[in-house]
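What follows is chain A paired twice: with chain B in the first complex and chain C in the second.
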Partner chain A sequence: MNKFVDRPRFSCALGGALFTLRALARAIPIIHASAGCGYNLYTTGNAGAGYLGGGYCGGTGWSSSNVVEREIVFGGTDRLSEQIRSTLELIDGDLFVVVTGCMVEMIGDDISAVLDEFAGEEVPIVAVSTPSFKGNSYDGYDMLLGGLFSDYVRQGVEKRADVVNLLGLVPGQDAFYKGNLGEIKRLLERLGLRVNTFFGEGETLENLKNSSEASLNIVLSDVYGVKAADVFEKTHGTPYISLPLPVGAAQTSQFLLEAADALRLSREAAERVVADEEARYYDYIERIADIYNDVDLQRYAVVVGDANYAPAISRFVADELGWLPRLTVVTDELDGEETRRIEKRFTGWESDAYPLVKFDTDTSSIQRYFQDAWEPSGNERYYDSFSPLFLIGSVFERDLAAKLGVPLLTVSFPVTNRIVLNQSYAGYKGGLGLASDLLSTLIAGR
Partner chain B sequence: MNYITLKSPPVREERLGTGVAFGGTAGELRCAQREGCINRASRAFSQTQGCQFTLSLGIINSLRNAVIIMHGPIGCGSCSIGAVGASQSFKRMRDPNAEGLIWLNTNLNEADVIAGGENKLKEAIRYADKEFRPETICVPISCVPSLIGDDVDAVVAELQAETAAVLIPIHCAGFKTKAMATAYDDVYHGVLRHLVKKPNLREDQRTVSDDLSDLRRKYRDSRTVNLLNVGSMSRQDEAELERLLNAIGLNARWLPCYSSAEDFRYALLSALNVSICGTHDDYFIEHLKVLYGIPYVIDTMPIGRKNTARWLLKIAEHFDLQDRAQQLIDAESRELDEALAQFRPYLKDKRVFLGGGEIRVVATAEILQDLGMKVIGFKGHHYDRFAEPLFESLEDVDDVLFNVATQQPFEQINLVNRLKPDLYIGHTGGGNLSAKQGLPLLPLFGPTYNYMGYSGVFEVARRIRRILANGQFNKKIARHCPLPYKASWYEQDPFHYIKEA
Partner chain C sequence: MTIDLNSTTFGKREERLGSVVGYVGTIKDLASQSRCGSLKDRGRCFSQSSSCDAGCVLGYISHIRDIAIINHAPSGCTAGASSVITNQTQLASKRGLSYNTVILGTDMNESDTIFGAAGTLRDTILETYNRYKPAAIFVTTSCVSGIIGEDVDSVIAETGEELPIPVVPIHCEGFKSKVWATGFDAADHAILSRIVAPPRKKGNFINFKNFNESARDDIVEMFRAIGVDVFMIYSNTTLEELSHISEALATISICGTLASYLGNGLEQQHGVPYIKTINPLGVAGFETWFRDIGRVIGKEAEAEAYIERERALYLPKLEEVKAKLKGLRVVLGMGSSFAFQVARVIQELGMEVAYIASWHYDSRYDDGSPPPHVQYLAEHSPRDFNISVADQQNFEILNILNQYKPDLYLARHPGTTVWAVKQGVPSIFMADEYMSFGYKRTLSFAYTILDRITNRSFEKNLSSRIKLPYTDWWYRQESASLYQEAK
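Right after this comes the complex of A and B.
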C-alpha cells in the first residue's frame, strides 16, 4: 500500500502539526528537529494554501532546536531544554507546543522528561510526537489535536447541550479552512448552538481549552479529524458524528438537518433555517438563470481533490450546477475503510450523474484515467468528444488543463496560483462562491 | 582540492571554516575571518532555516529534462510546491517546450526506517525513468535514509545499467551541517561524478566536418566562457551580463540553472569558468580545473558598477581584452550616471539595512553607496573568505554592524528596532515578521527582476524610489499585527543567544 508518491499533495505529520498551530491564535510551536524541517514545511504550506503566510511567529520565525550530527550522536534533550527555556524568555504566547521531527524520534529523545523540567512554568507546555515517517500532514493534524485534547483541554468539565466542536478541516491542507469554518459556524449558530472551531475568526485558546463542554463533536470529514475525535471521546466523553464537508445548498441543508437530529434539536426550527437560507441562496442563483441558459454553461467535469473536496465538489456540480462530472480522483493515502466511506458519498445524488471514482496519489495518473472515463477517439469522422470540459483540482492539474485546452479552477491543495483570504467553499456562501468562481472562468473573455 | 572520489563532499565548516553565528562590526568580522576564528555555529535560541536538502533543490529544480526523487519521508522537499510555477516558466525561457517541475517522494515510513528504503527508491527510479523518460534523475538524500545507512550510490550503480536517464545521487542530509550553502557542493559533487563528461563531438557531427569548420568551432570555444548562474538570478540578469561579454567579443554558456544534460558536456569545451557568486561555485570550478584543466575566475559578484567593472576586467584579463573592457566600462558608467541623476535627490542619505546571502548583501551595498544612501547594517547567512573581494568596492563600512545568521529573524528584528533604517533589503522568507516593523522592504533578489550589471543598478535605483514612495502596506500591518517578541528582547543584546562553543 505504502509506496512512493508522484508529486504528493501533502507534506508530513510535522507539517500538518505546524500549520494547525499556525491557525491557533497565540499557540507557539517549538520544533525539535533538523534545521531545515520548519522552513521547508513553511514554504510548502504558505504557497500551497494560497499564501497563508507565517502569521504571528511562523515561517523563518518558528522556534526550532536545529539539531545537528552532535545531537544525533549524543542525544538532543539538552538542546531541547535550552531551546524551550529561551523560547519562553523571548516569545509572547499562551501555549507552547513541542513538535518533533524524524531525527529526534529516531534517536529516541525522551521529550516528556524534558517537559518535567518546566513543570513549574506559568504557561502551559505540551509535546506532541509528529515524525514524518509516521504520517502525512493530514495525519499531523490528528496527532496534534489528539495531543492537545489529552494534555491541554480542561478535564472534568460539565457538558452543555448547546455547545459543539467542529473538526475535520485541516488548516493549510484546506486553503479555505477559515472561511469554511466561519460559514459552518454561522449556520450552526442559527440553530441556537455555540460552536468552537478553534481556528475561526475571533476564536482564542479559550475555545480550545473549554471545548470539553461540548456535548457533540461534528467531524466535517470522513477521514480527517476522526482519530482526534476518538481521542476526545476517550478523554472527555464527548461523542462525535462524522458528516461530509457540505458545499452548496443541497448538501448544506442535508448537513444542518442531520446535525439537528444528532443533537435532538427541533426539526421544525432547523427546517425554518434551511428554508430561509435556501431562499437567500436562490435569490442569488436566480441571477445566473439568464446567462446559464442563454449561452449553455453546462460542462463535463473532472474533479481532482482530497477526501473532503473531491466528493463534495463532484456532487455540487452534478446536483446543483447540472454539470456532468465524469471522473473524480481522490488523491489521499487512504486505507480500505476510509476508501469505502468516501465511495458511499457517491450515492444518493438527486442528479444520478455519478462520475467514475478513482483513488490515486500520483499526479501523472490523472490523465491515464481519462480513457476509462470517456471512450477515446478512434479518429472517427463524427466523434462525441469529452468536451466542453472543466477541470477542478489543484495547481498540479495546470499542465493537464493546458494540454487539453480546458479551464481549471484550483480548490484542493496545492493552490499556489491564488491568494486566499476569507473565501469559503463550504455551506451556502461557499456554494455561491464556487458557482461564481467556476462560471466566471467561463465568461472571462466576455 | 579534489574530493571527487568521496561519496559526498566535506561540509563547509570544515572545508572553508564557514561561520554562521557572529555579531559585531564588518571590520571585526573580516579580521576574525582572516584569523580563522569565525567558526561559531550555535545559539541558545534558534529559528528554523534552510537546510542542505532544500537548498539543493534550488539548483536541481531548475534542471531541464530532469525528474527529482526526494529520498526520504513524505515531507522532505515538499517545498517544491512553492516552485512549480517559477520552475516551469523559467525553463520555458530556454526551451518553450520544457516540462514543468516533476518530482517523486519515496515516502519512507516507520517500516522503512527499520528495514531500509532502498527497494522503495528502486521502484521510484524505475517508475520515473519509464513514465517521464527524463535525461537525468536526481536523487537528493534526506536525513532519514542517511541515518539508517541506505546505500544510494550502490542502488544507482545497480540501476544505471537499466535506465535511460543518468542517475545522480545528491548527499545533502540536513543534519550534517548548519552551513546550508554546503548544498551547492553536494549538487555539484553529484553533477561532477555522474553528469559532466567530454562531449563526443564525432557522434554529434551531423554533417561531414572539414578543417575550416573545425577551426571555426575551436576559435569560438576559445572565446567562450561558462557563466555559473544562481537560482536567485533572473533571465534579465543573464541577458545583461551576456551583453557585456558580447561587447568585448566573448560568448557565454550558462550553467547550471535551467541547463539540460548536454549543456554540462559542452561546457567542457569553453575557455574559462566564471563565478557570479563565490558562495555557489568554488567547489565546481576548482574541480573542473583539476579534472579538466579549465581555468577559472572567482572574485566579485557583478552587482553595482564597481563590482561589475571588476568582474568584467578579471574576465577580460584572461583573454587580454582589458582595453576593450575598459572602454566599455567607461561608456557604460557615463551613461548610467546620467540615468541615475533623477533618483539621487530622493535616495540621498536614506539609511538601509541589508540581510541575506553574504556575497549578495555586500555587493548590493555598493549600489546603495553609489546612490548616496547609507548602509547601516548587514546580516549574512554565513561568512567565509569569498565575501572579501566585495568589500573593496565599499567605503567606510568597517564600523558598520555585521550580523552573521542564517535566517534567525529575531536578531534582525532587534537590530532593525535599534538602528531604525529607512529601508530594509532582505532575503525571501520572513516578510511576515519584517513587515511588522513598518518599514518599506525591497527583496534582495527576485528571479523576475534585474539586479546585475549596469542595467541592474538602474533597476534597483528605480525600484527603491518606487518602494519608498508609498510604504502604507507595511505601516498598516505594523499598526495592526504585533511581533511575537517580548518587550524585554528589545532591551537585550541582539547577540545574547550566540554561544561560544
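Right after this comes the complex of A and C.
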C-alpha cells in the first residue's frame, strides 16, 4: 500500500506554490480550484511557518475560482477566464500566476487556451500546474519557480560575472527563509557579488525578471530548488552548484570558500572575509564559554528535520557546540540519489561525532530508532543512560520531548509554537542565533 | 424536510434549506423573503478562497475522542490535520481527559486519480484499526475521490464486516456544496445514521450542541440549578456517550447553523424535542431560550427563578458599561446564525449595527421554519439596515468597511479580522462561541469591546504603513457590484 499520511510535515504542490508566491512581492496567485484549497492551505502554512501570515493578498485574500459541481461537470475554463478578468480589475499586482488544484487538472481544463485570451494584457500572466497528486509543497516550490523561470524571466540577457541567484530555501516550509536568505546574501555581497534571492528584504519582481543575467545559481540545498535550477540552466544557460545550507561558522566559512572558488573569485579576498566574520562570531561565542562550562551545557542531541536542516543542525551541534548528536531523522520523501547526497553531508566533520542517520516521514517511527542509536538498558549494574538529551525538530516532536522529559527547540516545519520574524539560522548570524536559542532553552529556569 | 437516515448521502444545504451565498438587501427584506421562501442565490464573477465541506468535517468530527478519521484524498487535503488534532488535544487536556483521535490521509497520487485507490483505502482502514484500535473509523471523501467516482461505500461496507467497530463514510467532496457549513450536516448525518441508537431509557439530560465548550462549567452549574444534566456535543465526547443522545429530554444549541441537522434529526427520528428559539447570546436571547427549555422539559418555575437571580447579579453592571459603548457603530461578518445573533447583542448593548455580512444564509431550517434570529432582528431593530450574504469574501468586506467606516468590526473566522485591522478598523475575532453567552459573558463581551477600542495603536500604525491589494477602482464600486443576476 501507499505510505499513508500521518502528521504531514508539508502540504501539497499547490500549497508550496502559494507560499512561494506569498513571498514574492506583488506577484498575485489566481487559484483555479475548489473554494477550500486556498484557505485550508493558508491555515496550515501560516501556523507551520511560525505565523508567516497571509501577506499582501493571501489567505482569505487569495483570488480563487472556487469551482463547484457545475464546473466539474461542464468544465471550469469559462469560470477561470471570468476570474482572471475580474482579478486584473480588482487586484493591484505586477505579475499574475494561475495555479491549479487537483480537480481542475482531472477534468482537463485547458489553461493555456484561457491564457491566450489575455495575450494582449499589459501585465504578465503565467500559469503553472500544481496539483496535489503530483507532489508536496517542496515540489510546488520547484514547479512554481520552474514555471516562472521559463515563462517570466527575461530571455537572451547578457551574463554578468558578479551576479548570482540563490535557490533552495522554500518559503513557508522553511519558517526562517527570509532571515536565512538575508544572511547568505549579506555574506556573498561581502565577496563583491550582486545577489538575487527573489524573496529577500527589499527585493522586487525586477530581481526575478532580470535573474537571467546571473552567471551562477547557488542552490542552498541538496534537494529543493535543484529541479528549478535545471530549468533555469536549460532556459537561460546559467549553470548551478548545489551547496548545503550552512549553519554556523565552520559550515559558512566552507560555503563561502567553495562559492568563491566556483565563481573564480580571489581566494585570498574570500579568506579575509571569512577571517573577519569568524573573529566577530567567536567574540560572541566566547561569552557563552563561562556558562557552558560552569553548568555543563554539553548534551546528546536527536535532530529531526527536513533535508536542509537535519544535516546542517546536526553538524552544527557536533562541530561547534561540542555536543553529541546520536540520531538524525530526515523527514522528506526522497529518491535514492537524493538520499545519497544527504548521506554525504554526514562526512568530513571536524568532530567526527556522527549520528545514526535515518530517513523516515513518519513521526511515530522516531522513537523506534532510539534503540538503534543508544544501547537500551539490560538491567546492568551500571547503565550509561541517554541523558542529558536535547531534541531539535518540529512541533510534532513535542509529545516525544514531553514523554522523555527533554527540552525541544523547533526549527523544521511545522513550527507552530514560535513567532518567526527576521531570525536566521543560516550563516554566522544564524549560528549565533541557534546557539542562543538552544542554550536559552537550557537555562530558562534560572 | 424529513431527514433520511437510510442513505449514506444527504441533501446539501442549497437543496435542503434554500441556502444562498450571494444576496444584498436589508434585514427587513431578508426576513420577509425567508418567510415567503422567495430568496434566490446570486453568484459572483470574482471570488476568493474560503472553506470547503471536507475542511469543516475534519475540524468538527475530530472533536470526538478516540476515533480514527481517514481522509481519502491527496496529501494537501490532510495537511491541516495536525493543527486540528493539537487544538482538540488541548481542549481535552483542559478537562483532564485523554484524547487519542487520529486523522490520516490516503495520500492519493497521480496513478490513483486514474486507476482509483479502493485498494489503498481498504488497506489503510485495516492498518488504522491494527495500529490505533479506534472506537470507530470515519472515512471522509474529497474532490479527487468524488471525481473518479470511487466506490467508497462498498469498500467501507466490506471492511466494516471484517472489523469489530463501525466504519462510517462521510460524503464531503469539496466542490459539492457552495455552503461549507454543509460539512456540519455531513458529520451529523454520519453520527445520526450510524452511531446514535434508539432510546433504551429516558435520561435526565439535555443535549447541547456547540464547538469548544469553553463555558462548560457555568453551563453544567446552570442546568444543575434547574435539576437536569447537560451533555455537550461533540467536544470531548465518546462514541458510547453519543449512542445515547436519543434519550435526552431535549436538544439545544449555541448556533442554529450548527445544530439544525442533528437537532431536527433527533426530533424526527427519536422524538427528542429541539429548541428552535433564538440562541442564548445576549440577554433577550438567553431568556427566550432558557424559558423555552424550561417549558419543554417542565421546569418553568426553576428556569424563572434562575433568571431572576442572574438578572439581579448582572443587569446593573451591564447598564453601567452600556453608557460607555453608546453610539459605537459596528459591522459584523459571521456565519448564518451568529451574524444576526451577535447583531442583536450589539443593539442590546446600545451600539448601532451599521451592516451585517452573513457568510451564507439558510432561508429555512430542517423543520421548514425560517431562522428566528433574522425575524427577531427585523422586528426589533430601531431601523432597517443593509446586509449582504458575502460568502466570507474579503474584497466585499473591505469595501463595506471602507464605505461604512465603523468603530468596530466583529468576525468569527480565523484570517478574516486581520484584513479589517490592515485597513485600520479595530476588530475582535470572536473565536469563542460563548463570547456574549448569557448574562455574565454578555458583560465580559462589553468589557472586551471597551478594551479593544481603548487602544487603537496597532491597527493605526499598521494600516498607515502597508499597502492593501485592492485597486482604487474597486473601492469606488458598490460591495455587491460583482454579483451576477439571480438565476
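The rule is short, and it goes like this: the second predicted complex is superposed on the first by the 441 of 446 C-alpha atoms of A that agree within 3 Å, B and C clash if a C-alpha of one lies under 4 Å from a C-alpha of the other, contacts with A are read in each partner's own complex, and residues count from 1 in each chain.
Operating definition for what follows: contacts are C-beta pairs under 8 Å (C-beta built on N, C-alpha and C of every residue); 3 or more make two chains touch, one makes a residue touch a chain.
None of these values were measured; they are calculated from a predicted model.
Engineer: Clash or fit: how do chain B and chain C relate after the overlay on chain A?
Structural biologist: clash
Engineer: Taking the superposition as given, does A:10 touch the first partner, chain B, the second, chain C, both, or neither?
Structural biologist: Once the two structures are laid over each other on A, A:10 reaches both partners.
Engineer: When the two structures are overlaid on chain A, which partner does A:39 contact: first (chain B), second (chain C), both, or neither?
Structural biologist: Both partners, chain B and chain C.
Engineer: Contacts for A:371 in the overlay, against chain B (first) and chain C (second): which applies, first, second, both or neither?
Structural biologist: A:371: touches no partner chain.
Engineer: State whether A:266 touches chain B only (first), chain C only (second), both chains, or neither.
Structural biologist: The answer is neither, since A:266 touches no partner chain.
Engineer: Pick one for A:68: touches chain B only (first), chain C only (second), both, or neither.
Structural biologist: So A:68 meets both chain B and chain C here.
Engineer: Across the two complexes, what residues of chain A are contacted by chain B and by chain C?
Structural biologist: On chain A, the residues that contact chain B in one structure and chain C in the other are 2-8, 10-15, 28, 31, 34-44, 46-48, 53-54, 56-57, 59-69, 72, 82-83, 85-87, 89-93, 102-103, 106, 131-134, 136-137, 395-396, 414, 416.
Engineer: Which chain C residues qualify as touching chain A in the complex?
Structural biologist: Residues of chain C touching chain A: 45-55, 70, 74-83, 85-86, 102, 104-110, 112-113, 117, 119-120, 123-124, 127, 143-144, 146-148, 174-178, 180, 392, 394-395, 413-416, 418-419, 467, 469-471, 473-474, 482.
Engineer: Chain A touches which residues of chain B in the complex?
Structural biologist: 41, 44-54, 69, 72-79, 81-82, 84-85, 88, 100, 102-113, 120, 123-124, 127, 131-132, 143-144, 147-148, 174-178, 180, 406-410, 429-433, 481-482, 484-486, 488-489, 497
Engineer: Given the complex with chain C, which residues does chain A contribute to the contact?
Structural biologist: For chain A paired with chain C, touching residues are 1-8, 10-15, 28, 31, 34-44, 46-48, 53-54, 56-57, 59-69, 71-72, 82-83, 85-87, 89-93, 101-103, 106-107, 131-134, 136-137, 395-396, 414, 416.
Engineer: Of all residues in chain A, which touch chain B in the complex?
Structural biologist: My answer: residues 2-8, 10-15, 28, 31, 34-44, 46-48, 53-69, 72, 82-83, 85-87, 89-93, 102-103, 106, 131-134, 136-137, 364, 395-396, 398-399, 414, 416-417.
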